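Next come two complexes, and both contain subunit A; in the first it sits with subunit B, in the second with subunit C.
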Partner chain A sequence: MSDTSRIYLQPTPIRIWHWLNAFGIVTLGLTGIQIRFPEYINLFSGYKTAILLHNVAGVVVAASFALWFFYYSFVARNMLKVYVPNKDEVKSGLLRQAKFYLLTYFLGRPNPHHPTPENKFNPMQKSAYLAIMFLLMPLIGLSGILLINIEPMRDLVLMIGGLKILMAIHYILACCLCAFLFTHVYLATLGRTAFAYIKPMWTGWEEEESDDHQHLDHLAPRPN
Partner chain B sequence: MKIDKKLLILWIASLTLFSGVGVSTLLLPDLLRGVHGLAIRFFLGYCGIIVVAQVCAFIKDNRHLWEDSSGEKKSSITLSILLVTLLIIFSSSAPVMALESGDCQGCHSDAAMVGAAFVVNQAAFDTTAHAEIGCPACHESVGPGHPDDGLAPSKVGCQDCHSDVSHEYAGSGHYGYADCNDCHNPHQVRGATAVSGHDMNQQCRLCHDSSKVVSGHTDWLPQAELHLVKLPCVSCHTAAKDNVITLYIVKRQSGAKISGLEPASYQELQALAKGKPIETLIDGNEDNYISLAELRLFNLNRKSNLSLQGMMTPETVTHDFSLLANRRDCSFCHASGPEARQTSFISLVQQDGSYRRIAVEKGAVLDALYGTPDFYMVGSTRSKALDYIGAMIIAGGLVVPIGHGTLRILTRKNRKEDRRSDHE
Partner chain C sequence: MKTTAAGMMTIAALLAAVTSALAAAPAKNDGSQLAIYIFLGMCAMIVVVQLLPIIFLFFAFVKALIQGKKETAAAPAEVVIEK
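Moving on to the complex of A and B:
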């Protein structure tokens, strides 16, 4: 390990949030398919199982969203910095990153973005995560919470335009999230090795080749 | 890196949140019972493992902090806080790993003459099937001398005509607790399709307390309250057949509490129809048929708080009042797919309080977003258009892995060479 430095990229609450999300969202997706297409798909024995599991997983994902939100707003206090792309990133960073994914990656060049705890995401990730964490997840979560028990909040449902509209919102957003998931998982395998980006999400530590990134050493606390 | 207080507080808060989720599942005991319980335990168990593994990794990564720095005492406090919170998680996820009549009317329409108990509402009676056979058919002992002859008028037994129903009812659990008249006033009784779903439940409420009914169903039925609003009791508690979707015009009652949606009265609808028959509120061309366009128009130009509320009502009712096991299987109604729920009606209140049904274009309830914006039966009334849009979105998400992945495989040589040259 002499030629690599380790950066502590993902703190514990974020790792917990991420993997609860991952497991929760996959469960939501699978149960969701059965709930919408019961005559074709029966993955979880009974319909009631699918409904109840979907509800429980939804509540877990919502709770985990709360953990993410509180962590970034009260502990790390860098939510906007991490998630909102700055001027340069919008102007040139997006293009540079897109160029990497669409062209230079295939030529074997390195990723122009080097993650640091303060700047974890590349400009494309930032834009995508901004839309997902601040728009998609809250909307899908709120519509889901309304759908868990409709009758007490019927007035709110009517304000939105009715149950069918609410269902449509929930379903279309779920499809968007599912589409993102495929891209997300695929792009996660684009590191030096297939697991190079996935491992840090579980352990917290990202290994980087030191000759490129010696300047990062001071940011990286070593555990031993 | 040091553990600051805020982080600890956050931890405790979030772990409490998660254990709250676990504990709340305990409050719904049925949630963890049976096959679905197993799936939920499995899910929550894995969630627990994720949290525990990450917390353990955190402890391991930071062991040096409490081993070499500010002494044993502080470290043991931190550790014990962590362990306690872990215990809360486990204890909450431990269970995790754990519902000729005209003559009569001369007197019997006037309470001052015969007393309130003997008044028969002529308008209501005229809409019943009993009106066709007339008063003397049931009260045959009443002769020209009535009431001065001193004879008590005879009442015919219901079973004389309704022997099938009577026989069926005699075998039900209700028998002995309620007579026919307790639920059906013979001077007002109407057929199953001439009353609203709400009216059907009125009879049940005379004995069965609404809140108890809700709590009795919550144990096993998801969205119990919703089901009890959307289904007449008899749909599940008798062998009633041929359920159809019936839509009623409901109105938010002024000054009503939350969800104060009640069937709009004839007078209210009449006022809105401005002199025309109330059918024109929704059946614009008065052809006694509701097209999809008319349904959509009604919903888009909603007048004064009116909206459509759908219920699943039976076409034929029975009197066996049995508890049907198949109604506990959600798929009885929900997993039949969109083809099974094609028949629907608009049911309009009439001046006499009865209901008249108008057929709705087949499939309308299912396909149009605006056809019935506030009616959705999960698993049964989804919109096909949305299915396709969703599939396209998901397919769009697959473009990146498939397209990029293909190019990635084709150009893998480039990256290998590049990496090798880096190392040399």
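Moving on to the complex of A and C:
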């Protein structure tokens, strides 16, 4: 028998952070393309508009990053538990989850990870988000801040290797983030329905099938 | 604790540095202002829509509190003794 239960997975500050971040990063990506390739792309009314919007979106993303950091550090106090994979997750969890995404999902098997508020990410998500939130986002933010404050932070820019190096770093990091974004959106559609993982990020509540038969599905013989 | 302190320092540096960037940004009426307002408006909408359940809950709580007080004031206290 199938029985659905609801768990409150995403609290309000995290939902606000996530959607501000999503909207901000999409804006940063679109304006960034125009800033980088102005001769080919003209999505906004002008080059200056793209720069100004890029700067403002950068501030919004930095502010939402601060909200995320503040919430996990001082309110929830479980940042390391949520984002750092443990030994077992690194040893076997990563492989199990990769196998699900690459093979067993397409065979209709259930997701091996069942989220809880304390352990809401699967091992692959944990590893990816750890790199994104603790390495990529701070680095891209810092390089962006240096790029919009070249004059006052001249010494630091020169120490890094000059403006061209800094621009290249910012651009490569942005490409990495963009690659993650496409993967993130694709994997977010791999729930029971296409919106099963997206809806909780908007409402906070995730519906989970507490069907014991479903978890033992892989042991049952399957019709050919 | 050290990680938290370092993180807070990074965020403070990030937010402090962006203020001069805003001051240095071009502010002409070439449509850029409109784009900024639309962007900030969308951001505000995300925040407000996400806060709506909390706002509704707060008003429901206040309403229930006021109604409870009124009912207590209107109805005289009755003592029912069951035998």
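Definition applied: the second predicted complex is superposed on the first by the 208 of 224 C-alpha atoms of A that agree within 3 Å, B and C clash if a C-alpha of one lies under 4 Å from a C-alpha of the other, contacts with A are read in each partner's own complex, and residues count from 1 in each chain.
What we mean here is this: contacts are C-beta pairs under 8 Å (C-beta built on N, C-alpha and C of every residue); 3 or more make two chains touch, one makes a residue touch a chain.
Note that the coordinates shown come from a computational prediction; the quantities given were computed from them, not determined experimentally.
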item	value
Subunit C versus subunit B on the shared subunit A, clash or fit after superposition	clash
Contacts of A:I145 with subunit B and subunit C, given as first, second, both or neither	second
Contacts of A:I7 with subunit B and subunit C, given as first, second, both or neither	neither
Touching partner for A:I169 - first (subunit B), second (subunit C), both, neither	neither
Touching partner for A:M124 - first (subunit B), second (subunit C), both, neither	neither
Which of subunit B and subunit C A:F65 touches, first, second, both or neither	second
Contacts of A:S73 with subunit B and subunit C, given as first, second, both or neither	second
Contacts of A:V157 with subunit B and subunit C, given as first, second, both or neither	first
Subunit B versus subunit C as contact partner of A:M137, first or second or both or neither	neither
Winner by number of subunit A residues touched, once subunit B and subunit C are compared	B
Which superposed partner A:L28 touches (first subunit B, second subunit C, both, neither)	neither
Interface residues of subunit A shared between complexes with subunit B and subunit C	12, 15-16, 19-20, 23-24, 27, 44-46, 48-49, 51-53, 55-57, 59-60, 63, 66, 149, 152
Subunit A residues within the subunit B interface of the complex	8, 12-13, 15-16, 19-20, 23-24, 27, 35-39, 44-53, 55-57, 59-60, 63, 66-67, 70-71, 74-75, 101, 105-109, 149-152, 154-155, 157-158, 161-165, 167-168, 171-172, 174-176, 178-183, 185-187, 190, 192, 203-204, 221, 223-224
Residues of subunit A that touch subunit C when the two form their complex	12, 15-16, 19-20, 23-24, 27, 44-46, 48-49, 51-53, 55-60, 62-63, 65-66, 69, 73, 138, 141-142, 145, 148-149, 152-153
List of subunit B residues in touch with subunit A within their complex	1, 4, 6-7, 10-11, 13-14, 17-18, 20-21, 24-25, 31, 35-36, 39-40, 43-44, 46-47, 50-51, 54-55, 57-58, 61-62, 64, 222-223, 225-226, 229, 258-259, 261, 307, 329-331, 334-337, 369, 372-376, 378-379, 382-383, 386-387, 389-391, 393-398, 400-401, 404-405, 407-408, 411, 414-419
Partner subunit A, residues of subunit C touching it in the complex	4, 7-8, 10-11, 14-15, 17-18, 20-22, 24-28, 30-32, 35-36, 39-40, 42-43, 46-47, 50-51, 53-54
